[in-house]
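Order of writing sets the chain letters: A, B and C. Residues in each chain are counted from 1.
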Amino acid sequence: MIDAHRQLLLAFATCLLLGLALPAIASDNPFAEEHVVLQISDNDPSKQTLILNVANNLLNHYGPDRVAVEVVAFGPGLRLLFENNTNQDRIQALVDQGVRFSACANTLTGMGRIIGHPPDLNPHAQIVDAGVVRIMELQQQDYSLIKP
Amino acid sequence: MIDAHRQLLLAFATCLLLGLALPAIASDNPFAEEHVVLQISDNDPSKQTLILNVANNLLNHYGPDRVAVEVVAFGPGLRLLFENNTNQDRIQALVDQGVRFSACANTLTGMGRIIGHPPDLNPHAQIVDAGVVRIMELQQQDYSLIKP
Amino acid sequence: MIDAHRQLLLAFATCLLLGLALPAIASDNPFAEEHVVLQISDNDPSKQTLILNVANNLLNHYGPDRVAVEVVAFGPGLRLLFENNTNQDRIQALVDQGVRFSACANTLTGMGRIIGHPPDLNPHAQIVDAGVVRIMELQQQDYSLIKP
């Protein structure tokens, strides 16, 4: 009896320890089996095309229900999420399939200091404190970080 | 008796749980202790030199038998694997030491649409569905992703 | 009695197995809860500004005592650590808050061959065998790799 009890305790402790090593998945998509954070921090406009292509490839390969994709933009890469960016329609199509877009507040503040006001953003952009911190949070939630 | 049985079951369950957390290593190199996927997706030709340097540094540091290296090329980075790329000899020397080179089929199709036919590739390039998906597969097999 | 003994052994074995999966953290900062390696390997000087901004954002967000940051420079990115680089004051301010800067010896040797002597480095730069190997070592110590 007491042994069974001890074994349950041991099993519980084991699961607890294992549980600590298994990060929780925070995602809008409860059925996602793959989780990817795509980073854009380059100035080069061809990187904007490339990151949207990569997001599309992920949706096509896994299916929109089985992959969670978040694009995190910071530094010069924030231009992807400017209101007047030429990729608005592609961003909309990706948002419609569940892709999230995050904009770095630190970059916004820095750019605002230079141009006199923060740039206007795509309405789908969610603002996060710091792009790099958002990326680390997602990595801890088992997201793969890929910078196209 | 019953306790020993229970303990075996518990030990087995523990190993099973631990096993689930330990990814299988798929590699041509059965003695590799380090696994690296090197990504090239930039247009800049100096990145081609750099990624080949990095592959060389890895082989020199760990020894060719103890490190598995795969270069995954997509987007503008696919140029590294064009048949007429100037780095053919260096690629051959790396292949001879076990380095693998993967080319993104999505990029091939896209480039083919623009130039009228898919570009001719280095015969050592293995074609993968999507560069980004190949990278994720390798990450799940415990490869470190590095983009030089 | 014998059961308790067996259970202790099993618990010990479990912890041992778990322990193998938990990498040791090698860091100057014993209270760090977050560990980040920032890679610079680009030629573009705006990347130097960006990587220093990102290091600053990490220190501001987590506090200098709670995050360990190492910048690893290789390839053309080594210029950040040249003695006469214009970012010396910013590097000094980051070093004062515990950020470490590593310079790739392979790159130093290669540049030395071209310009006739190895470039003079920032005195805060610690020289590592190969930038890519240093990054892999840090990843195995649970550092997140981010390339701004």
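Keep this in mind: contacts are C-beta pairs under 8 Å (C-beta built on N, C-alpha and C of every residue); 3 or more make two chains touch, one makes a residue touch a chain.
Everything numeric here is computed off the predicted structure, so don't read it as measured data.
Chemist: Note whether the interface between chain A and chain B is symmetric in residue numbering, meaning over half of all numbers used appear on both sides, and answer same or different.
Modeler: different
Chemist: For the two copies chain A and chain C, what rotation in degrees overlays their C-alpha atoms? Round to the nearest 5.
Modeler: C-alpha superposition angle, chain A on chain C: 120 degrees.
Chemist: Taking each chain's centre as the mean of its CA atoms, how far is chain A from chain B in angstrom?
Modeler: 23
Chemist: Listing for chain B: what residues touch at least two other chains?
Modeler: Those would be 3, 7, 10, 14, 18, 21, 145, 147.
Chemist: Quick one: which bits of chain C touch chain A in the complex? Just the residue numbers, please.
Modeler: Those in contact with chain A are residues 3-4, 7, 10-11, 14-15, 18, 21-22, 34, 36, 46, 50, 53-54, 57-58, 60-62, 144-148.
Chemist: Which residues of chain B touch chain A in their complex?
Modeler: 3, 6-7, 10, 13-14, 17-18, 21, 39, 41, 43, 74-76, 106, 110, 129-130, 132-133, 135-136, 139, 145, 147
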